[in-house]
Amino acid sequence: MSAGIEVVNATKQYNVFALEKIDALRDISFSIRKGEYVGLLGMNGSGKSTLARLINGLLKPTEGKVYINGMDTADPANMLEIRRLVGMVFQNPDNQLICPIVEEEIAFGPENLELPLEEIRRRVDWAIHICGLEEKRQHAPHLLSGGQKQMAALASVLAMLPEYLVLDEPTSMLDPQSRRMLLKQLYILNQQEGVTIILISHNPEELLQTDRLIVLDQGSIFLEGTPREVYANAKLKDLGLDAPSLYQLIDQLELNQFSVPESIKSIPELVKHICQEL
Amino acid sequence: MGGMKLGQYIYGDSMVHKLDPRTKIICCTLAVISVMVSINWYYLFFLLLLMVAIIISSRLNLKFILKSMYQIKTFLLITLLFQAFLTPGQAVLTIGTISMTREGLILGSINILRLIILFMCSLILLMTTTPMKLSTGIEYFLQPLGKLNMPVHNFTTILSISFRFLPTLFEEATIIKNAQKSRGSEFDSPQLMVKIKSYAAVVIPLFEASLSRAADLGEAMDSRCYTSHPNQLRMNSLKMKGQDVLALLFVSVIVLAGVPISILMK
Amino acid sequence: MPGVIEIDHLFHTYAKGSPYEVEALKDIALSVDQGEFLGLFGPNGSGKSTLIQHLNGLIRPQKGSVTVCGIDASNPKLSRDLWKNAGLVFQYPEHQIFQISVYDEVAYGPRNLKLPEATVKERVYEALQQVGLIQENIAHLPPVTLSGGMRRRVAIAGMLAIQPEILILDEPMAGLDSAGRNMILDIIKKRQEKHETTVMISHSLKEIMTITDKIAILDSGCLVFNGKVKDLLNKPEVLAQYPFDLPEYLQIVYEFADKGFDIKTNISSIREAGEEIIKLQKELEQLRISPA
């Protein structure tokens, strides 16, 4: 079995009122290796959410195949294993917390996996610790802030020990501070725990720390490459997407014989680099 | 962030708060049974005093509870009148062909007293027990039904999801109501049609939001491998302590001794 | 001349006398002039929502005074009609849509104003145009068939059609992509051109940097800053305390300034930041060539 996510010529059609057929995704192919941090960028309605659900097996492709570690998502026998392997965090923090208290929310996944009680407790403790929710453990979800809710959602997915984490615009309903916290958490998970991350967003600034970007437009892959390759591409403007300020600045500096290494992925890193050069 | 709602859990650390939810459910059930069985004034008054004592000792706001009880006065009055007119006996007041009877008035008053006791009893249960604990307690008692192939777990999941989302729903309703007020909805209009239309402007979006929430929740549950399973973590959080045994003993004595005595004394 | 919004010594307490008592606003004094744009900042639960609900009569002042367009908001008879003067668009307004067509949805407010149907029609089409919904037939589509971003536009049009003197927006850009954000900015800019007043709750200085005149910051019910953006940028202690989401170009020059470099900080684009860095480099090179 090959490790990784493999999407082969996937097309997804929706029926609108049983009359029209709309292609949400058209003939999409790409693969994601284990341990990668991939960003899926696109405007509202570009098919990002549909793609996320294909990877998790919540939706099946109308045509083509999606393989997770070599398992076909269309095969019902693989369903539970795929859902365990691919954790999903959704956009709306309010609509994905199921249980009346945080601790139980996090235990929900492991309980479904029918793990022994001791193991459930261990995982809940671990996930609560890693997401910094110790104080909120016994709270009701509606008493948490948006950022804390999203952290709880992340923790409840992590407790299933997924290999892949798909996040469907997880920050779009958060304030900037919570947004930064969540992104930092994702980076740590990717670097330290080796979790493969697929982060979906319409905001280029959020995808700075990714290894690779896939840009979607109207259900097709529009651009693909490292963030710097993608943002250097003039075609991005056609989508109404501006390159993040960081890359605008790097461009400008490089035009002035100022070299910036590929590894720089944030403004503080860039400033530090320039200071060393000066 | 509205005001206090009747029956909403109030945080506290009194002995009643700390009891196991199962204890409280059993005690309440016993109290309900004894109220239903007994028609002895003294016994009912004793129970009423007991309820007031529990409310005070668990530091619930007695004034608030009495005030909200006053709001159902019409309901209580109708109960009294029905009983008074429909029970045969010695007439005290005759209107046309029907007459109010002495027996009816007594029975009606007893029923009002019963209702008040039941009302207080259920408020004590709701206001001192977190929804979470309450549903765990109910789940515990329903467990035997699972052995008869009844979908107990699905039922308790539904229960726990409703506990989870009721506060969110209230919040949402308040926001939508305020938003429609900001566009000129008149919720206090004297014209019934205007009023109905205004409320429709709240109910429709609320319903729509609930539908889309249900779809989202379904996805969230599916993506975390939802299967029907008993909730181990929750079940294991229940613990009976010494105070639970005492409370159960106390209530059992009151019911087991009180009911026969009250019947005998009649 | 008094401002179009005048708030003085305003206090508000929720659930007074209950165990859940919360002091949501403490001694707020604030005024906004005709045609100004006020950005309202503050962490969650700081009292922003409570404050703006005072402006359109949803909450009447318990203590202190609120005057909006010359109307005393504490007068129960007058505050009932305050919604006509101060239009409040709640967060995620697309969740409050309930009519069966876009037209009826936008017409709901004007109809509540008891305007003749011809005027209502005029206002609906004008409002739809303002939010960029100019396609034919869109007025007769059911709102459910539209995407989230489009529904947001419809909801905002529903408020614009009331033509309030003051427009109050509670995080109107939350969850929108860049096209949606630009639409909101356009609406506000047009209002500024027409000398109309706008109040907006935001979490991001970056978002409203180009349009804002004034900023007010609430924290735990207290007004901790009230003034011009320029003055705010000169207060590093306030900037450090609250997560403003500063524009990147400012983040960069501030970082350099922090590290002790002599760099211009009153710039307004990433381009200028780059130019400043290049200038800095050249200066330092010059120093190296001629160490004297």
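First chain written, first letter: the chains are A, B and C, and each begins at residue 1.
Just so it is clear, a contact is a pair of C-beta atoms (placed from the backbone, for glycine too) under 8 Å apart; a residue touches a chain by one contact, two chains touch by 3 or more.
This is a predicted model, so every value here is computed, not measured.
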item	value
Graph class of chain-chain contacts, one of line, ring, star, complete, other	complete
Chain whose Cα centroid lies at the greatest distance from that of subunit A	B
Whole-Å gap between the CA centroids of subunit A and subunit B	43
Interchain centroid distance [CA atoms averaged], subunit A/subunit C, Å	30
Contact set on subunit C toward subunit A in their complex	43-45, 147-149, 174-180, 203-204, 243-245, 247-249, 251-252, 255-256, 259, 261, 270-271, 273-275, 277-278, 280-281, 284
Residues on subunit A engaged by subunit B in the complex (per definition of touch)	53, 56, 58, 80, 83-84, 87-88, 90, 92, 94-101, 103-104, 107-109, 111-114, 117, 120-121, 124, 140-142, 156-157, 160
Subunit C-touching residues of subunit B, taken from the complex the two chains share	1-4, 10-11, 61, 64, 172, 175-176, 178-186, 200-201, 204-205, 208-209
Parts of subunit B lying in touch with subunit A, wherever the complex brings them together	130-132, 135, 160-161, 163-164, 167-168, 171, 212-213, 216-217, 219-227, 229, 231-234, 236
Subunit B partner contacts - residues on subunit C that touch it in the complex	14-15, 18-20, 22, 24, 53, 56, 58, 83-84, 87-91, 93, 95-98, 108-109, 112-113, 144, 158-159, 162
